[in-house]
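Note that chain A is present in both complexes that follow, paired respectively with chain B and with chain C.
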Partner chain A sequence: MNFKTVKHSIPKVDANGLMRGLPAYTDDLTDENALIIKCLRSPHAFAKIRSINTEKALQLNEIECILTHKDVPRIPITRAGQGYPEPSPKDYFILDEFVRYVGDEVAIIAGRSEKSVQKAIKLIEVDFEVFEPVLDFEKAENHPSIIHPEKEIYTMFPMGLDAQKNVACSYTNTMIVGDVNKTLAECDVALNHRYYTHAQQHVAMEPHSSTAYLDYQQRLTIISSTQNPYHTRRIIGEALQKPLRDIRVIKPRIGGGFGGKQQIHNDLFSAIVTLKTGKPSKCIYTRKEVFESTFTRHEMRFDIQLGADKNGNIHALDIQLLSNTGAHGEHALTTFMVAGSKLLPMYNKATALRFEGKVVYTNRCPAGAYRGYGAIQANFAVESAIDELAHKLQMDPVELRLKNSIKEGETSPVFKVMGEGGEGIEQKMESCKLDYCISRGRDLIKWKQKFPFLKIAPNKIRSVGTAIAMQGSGIPLLDMGSAIVKLNDDGFFNLLVGATDIGTGSDTILTQIASEALDVPIDRFVITSSDTDVTPFDVGAYASSTTFVTGNAVRKAAENMKKKIIQTGAKIWQIDEKQITFQNGILKSKDGLKTITLKELSEGLYYSFAEDMEQLIASGSNTSPKSPPPFMAGFVEIELDTETGKIDILDYVAVVDCGTPINPNLAKIQVEGGVLQGIGMAMFEDVKYSKNGRMLTNNMMNYKIPNRCDVKKLTVELAESYDPAGPYGAKSVGEIGIDTPLAAIANAIYNAVGVRIRTLPLTPEKILNGILKNEKR
Partner chain B sequence: MKISLNINNQKYDCQIEPDETLLNLLRKLGFKSVKKGCDTATCGVCTVLLNENPILSCSYLAVRADGKNITTVEGLGKKADAIIDAIVNEGADQCGFCGPALILTVYALQKELKNPTMEDVNRYLAGNLCRCSGYEGQLRGIKKFLGVK
Partner chain C sequence: MIFYRPNNLKNLFELLENSNATNYFLAGGTDINLQTKNIPKNVNIFYISHLNVLRNITEINGHISIGSTATFSDILHSDYLAKHLPFFQNSLKFFASPIIQNLATIGGNIVNGSPTNDVSPLLLILDAKLELISKNNSRIIPFNSFYRGYKEFDLQKNELVKAILIPKNAENNLETFYQKVGARNSLTISKITVAGLKFIENNRIKKIKIAVGSVNEYPRRLVNLENYLITKRINEIKKDELTKIIAVEITPISDFRSDQNYRFVVCLNLIEKFLGINF
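Entry: the complex of A and B
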């Protein structure tokens, strides 16, 4: 299909300003007199504050405000930035008498200089009653220590919260298709293995930041590095018991999110300090605070049963899942459910499916949203198991996947049974090029020449491995986005969207969609996003929703504007609307007698059309019963050193079906960035704790993210695909890239040396131990 | 204490604290292109040029910069154009937080290394971490810009 603006790789609309370092991020925009906020944080993994004395600290010069749990409203909330009613337990208080992990907030201190605040922190005297912490998530249920003994916590709908047992939610007896036990027993080949995925840190380059002030109308304005300004406004209103009309949340530019900013963090502290003092304040986290006191990916344990007949037809898949949500249950239920809902439909030929499990509290850094959101964890377990099944069947793992994976026009019963937080919605795959992605990726990596391995030196083996993935495009009938288009004199448009560009380029692709729909050159648009006073509602940047959900809202708004422009032409020329065209920004009568440029039209509307003068403004909102999944096949080639167990990534091939890429360059970078984050998680990113529950990997020297020497090559291709439900055929692309590296690399290691690692990360130690163990046999 | 330094060819006389970092001083003076990312001299987003050489301003005391020439992206002006184009034409700027530091380091690389290989480029830029792009797109652009085969 031919488009004028869409499917073109234009530079990002904000590129130049950001690369030149113009003030754009939260900390660039703070008032220079803003009070500095820092927190006194818990040194204990689980304790109760017996007493807290702030007198000495308050006497310091420059200290303006110290808040403890006695000074703040006690309203149970969830910090998760999600729709409403929230699918996460309301188990968080701004400050509490309990501290539930090392780094948990004990007190909030605000002062006029950073040094005075640091000094004040040291002068606060706290007497803790220390409890035995729950650090091992497999021992959390029914542990003698109860992490949330408080009476007030609740859920907005039933999700199996059982705080007395440290269970945040549970999900059983629902996602069952067919008779799993019976079908498994009838299978020629069956396997049953346990897999572990570890926590991961987002490590967005910009630390979590917020600033607050009261405007001249005494309204609270919060500038925050948030992925969801509207949810932030709602949650802060709830926590501080303020009407939402008194709160404005602005998201400026954000230095990366990846889910890490899909919760409220220090925005709440800035808000409460400004309300208490009446003064502007700011809270910019240190990297240590980002590591210890924001969120990680949920650690998970999977028990997978998989069965097939001897011809490689998969008949049964059973997933029993235990997830670790840490000290609070943000995103606990939904990440858990996505582990099933974004995985099971991929193997839709199976007639028996089951997905069950629990999410437990522990005294660790809370877990929250992170790109991949459950799907990546399940991908490691199931895509490893698929390869193990292929090995048992003596079948090529690529053939096994081609045979069993979902195809265009097909469906899966899972879509209906489970969604995110509750029931899902049935949907048919109107676009699914997964089979193409698999076969194209197989060619690009030269699978047939390289599978399973080539020995290139006495101690060096090269091998290949694969995994496939699906994600979603927003949450059906829960996510909503909207847009406003406004015509100004000089013939340019404001495009107002609530959508949240967190570095993904959504401001750019939404402008491209508006330009395409209105048929006006892209330089005639100015986009403003994410200001709750100015822009229309949007759920925010999560669940791979913006391109699909907000993109269609922008398209509707632009099409409505086009109608209004044509109606205006009909009025001023006194002819029928059908006799008018609007193309490339020029309004014409079909007979060619009348022509008016957008500049002339807009000036007439503002100044000279007399009774026809009008502000043209159009809007569009969108929600969808569909969430067409993007699909991807990942292929890796590794070089493994059999003496050290070290592996190098020689090439990672990703072939992705994201529908029409609105901006092919940006779509490709989303995949490349996702793949590298996945490789980081697979190989060396690991959140480690001391035996007392203190995070050992609380800085970027100990927590290693990939640098540019760690991977030799990434090869990303986008499949030709068009989904009729998406704007100009587009589906999402933000998350899918991260899902496959875990299993693909694990499978490549097995193909190289016959070592199956079922516990992430895939470290040289585990590989070498496996090699040595195999040699002993 | 008082120091005097040249920032982007302008003289600045500054009153500083003895333990103040160059990063804090530059941000205070309005050079917001210099970012604070990790506090441990690991991520590279605070990179500036000190007498033409890239340094990490988060771990460099302001007092040491007394009498020195500092360049930030604001000071590169038109000299940054081609490097910026190289990155943004690939869409590899993404969130932009690490961008100004990368531009400066590529600028320094171009001056320092003659006929670099891709491996030289990767090594030179290894301290400039990016969490969004996966590096591949940045390298496509930088490769074209430097004419590396």
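Entry: the complex of A and C
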């Protein structure tokens, strides 16, 4: 299909200013007199504040405000920025008498200089009653320490919250298709293994940042590094018991989110300090606070049962999951459910499917949203198990996947049974090039020559591994996006979207969609995202929703604008609309006698058309019963050093079906970034705690993310694909890249040296230990 | 804490003499962030990175002299080193990151005294010496004797490392080995580092030097191992003997970067690799 703007790799529309380092981010935009906010944080993993004395600290010259749990409204909320009613337990108070992890907030301190605030923090006297913390999530349920003993916490719909047992939610007896136990018993080959995935940090370049001020009407304005300004406004309104009309949230440029900014973070602190003092304030987290006191990925444990006949037809798949949500239940249920809903449909030939489990509280840094969102964790477990099954069947793991994976035109009963937080919606795969992705990736990595391994030196083995993945494109009939297109004099347009570009490039691709739909060159658009006073509603940047959900809203808005322009032409020329064309920004009558440029039209509309003067403005909203999944096949070639257990990634091949890539270059770098973050989780990153629950990996020296020397080559290809439900055939692509590296690398390690690692991360220590064990055998 | 930036060496020694607090030298400073908590309040800090007299890389009396404030970028770009000590130079290619290479100094790396530092195993096998200076004195000591314990050095009050001297022919006609194992390929702290030099004639070990980092309280030569290996034929080396000697000479620990067993096994494997034996 031929497009004018869509499917073209234009540069990002915000690149110029960002590359020049011009002020764009939250901290760049703060009032220079803003009070500095810092928190006194808990040194204990679990304790109760017996007493807290702020007198000495308050006497300091520059200190304006110190807030403890006695000074803030006690309203149970959830900080998870997701749909409403929220599918997360409301188990958080702005400040509480309990502290539930090391780094939890004890008090909020605001002052006129950072120095004075730091000094004040040291002068606050706190008497803690320290409890035994719950640090091991496998021992959390029924632990004598109850992390949330408070009576007020609740959920907005039943999700199995049982705080007395440290259970945030549970999900059983629902996602069951067929008779799993019976089918497994009848299988020629069956396996049952336990897998562990660890927590991961987002490590966005920009720390979590928030600033607040009151405007001259005493309305609270918050500028925040948020992925979801509308949810932020709603949650702040709830927490501070303020009508939403009194709150404005502005999202400037964001230096990366990856899900880490999908929760409310320091916005609550800047909002409350500004409301209490009437002064502008700002709270910019340090890297240590980002590590210790925001959110990580959910740690998970999977028990996988998988069964097939001897010909390699998979008949049964059972997933039993235990997830660790840390001190609060943000995204507890939904990440859990995504672990099932984005994995089970991939093997849709199986007749018996089951997915159950629980999410528990622990005294660790809360877990929250993170790119991949449950799917990546389950991908490690299931895609490792698929390889283990292939080995038992003595089948090529690529063949096993080709044989059993979902194809275009097919469906899975899972779509109907489970969505995010509740029931899902049935859908057929109108675009699914997964089989192409698998076979193309196999060719690109040269699987047939390299599988399972090649010994290239006495201590060096090269091997290949694979995994496949699916994600979603927003949440069906829950995610809603909208757009406004406004014509200005001089003939350019404002494109107003609530969708939040957090570095992803969504401003660029949405402008491309508008340009395509309206048939106006791209430089005639000025996009604004996002400001709750100015831009229309959007759920925000999460769940791979923007391209698909907001993209369609932008297309509708732009098409509506095109209609209005043609109607205007008909009116001023007194001819039928059908006699008018609008192409490349020029309005023409079909007989060629009349033409008018956008510039002339807009001048007329706003200055000279007399009674025909009118503001042209069009909007579009979109939600969809569909969430067409992007698919991907990941193939890795590693070189394993048998003397050190170290692996090097020689090449990572990602072949992705994301429908039409609106901007192929941006789609590719979304995948590249995702793959790299997945490799990081697989090999380098690990959130480690001391015995007392203090985070040891709370800086970038101890928490290693991969750097340029760690991956030799990334090969990303986009499959030719078109999804009729998406804007110009597009599906979303934000998350899919991250899912496969965990299992693909684990499988490659097995193929190289026969060491099966079922507990992440895949460290040289585990590999070498496995090699030594195999030698002893 | 008072921070001094002396104009020249003379000025530095005057300031040192007049200081009545504990004196610290600061060169490069890329590791200072980690140590600010441990530095007592009442100290004087003397910044020396800008003193070019300490930064030269030159040739003196058959040695390459590397000034203590030479940065790792200086070292990586030095023609002298490329010509005479290419193994030394190439081994440091993946030291830290380019940003840190531009600032971090070789003297700082040594005197920082981290058991995991990347440079010391190299200097140990290359028979490096240190030129130390104080106000009225200067002396040259073998690098081998510089470390006395964890972060303890053969340095007197107000004495500093002026230069590192490496014999110009230290690498000549020798087989060289350097491998650092870290969590990732660059900008990483070593879990274990092994450096070695050997000369084998008629299948017999004629010359051998092995130094390891990250497995003792400071980087050191494995002298007993060298004594065991010298004059042996490669095929006379016994796995159990090798293991036994190394087990005594290194004392790896488990920490959050790695574990004791891994460090031991990898140390052994790398030494075997260096020796070219495959049991």
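Throughout what follows, the second predicted complex is superposed on the first by the 777 of 777 C-alpha atoms of A that agree within 3 Å, B and C clash if a C-alpha of one lies under 4 Å from a C-alpha of the other, contacts with A are read in each partner's own complex, and residues count from 1 in each chain.
Keep this in mind: a contact is a pair of C-beta atoms (placed from the backbone, for glycine too) under 8 Å apart; a residue touches a chain by one contact, two chains touch by 3 or more.
What you see is a predicted model, and the numbers here were worked out from it, not measured in a lab.
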item: Touched partner set for A:L696, first chain B, second chain C, both or neither; value: second
item: Contacts of A:L676 with chain B and chain C, given as first, second, both or neither; value: first
item: Partner chain in contact with A:L22 - chain B first, chain C second, else both or neither; value: first
item: Contacts of A:C709 with chain B and chain C, given as first, second, both or neither; value: both
item: First, second, both or neither for A:N769, with chain B first and chain C second; value: second
item: Partner chain in contact with A:K688 - chain B first, chain C second, else both or neither; value: second
item: Chain A residues touched by each partner, larger count belonging to chain B or chain C; value: B
item: Which of chain B and chain C A:E643 touches, first, second, both or neither; value: second
item: Which superposed partner A:F380 touches (first chain B, second chain C, both, neither); value: neither
item: Which superposed partner A:S9 touches (first chain B, second chain C, both, neither); value: first
item: On chain A, the residue positions that both chain B and chain C contact, one per complex; value: 701, 706-707, 709
item: Contact set on chain A toward chain C in their complex; value: 458-459, 643-646, 648, 683-684, 688, 696-697, 701-702, 704, 706-707, 709-710, 764-765, 768-769, 772
item: Complex contacts: residues of chain C adjacent to chain A; value: 34, 94, 97, 179, 181, 183-189, 256, 258-259, 261-262, 265-266, 269-270, 272-273, 278
item: Of all residues in chain B, those that touch chain A in their complex; value: 31-40, 42-43, 45, 72-74, 80, 84, 87-100, 103, 122-123, 125-139
item: List of chain A residues in touch with chain B within their complex; value: 9, 11-12, 14-16, 18-25, 27-28, 202-207, 253-258, 284, 286-288, 502-505, 663, 665-666, 668-669, 671-677, 699-701, 705-709, 711, 713-714, 716
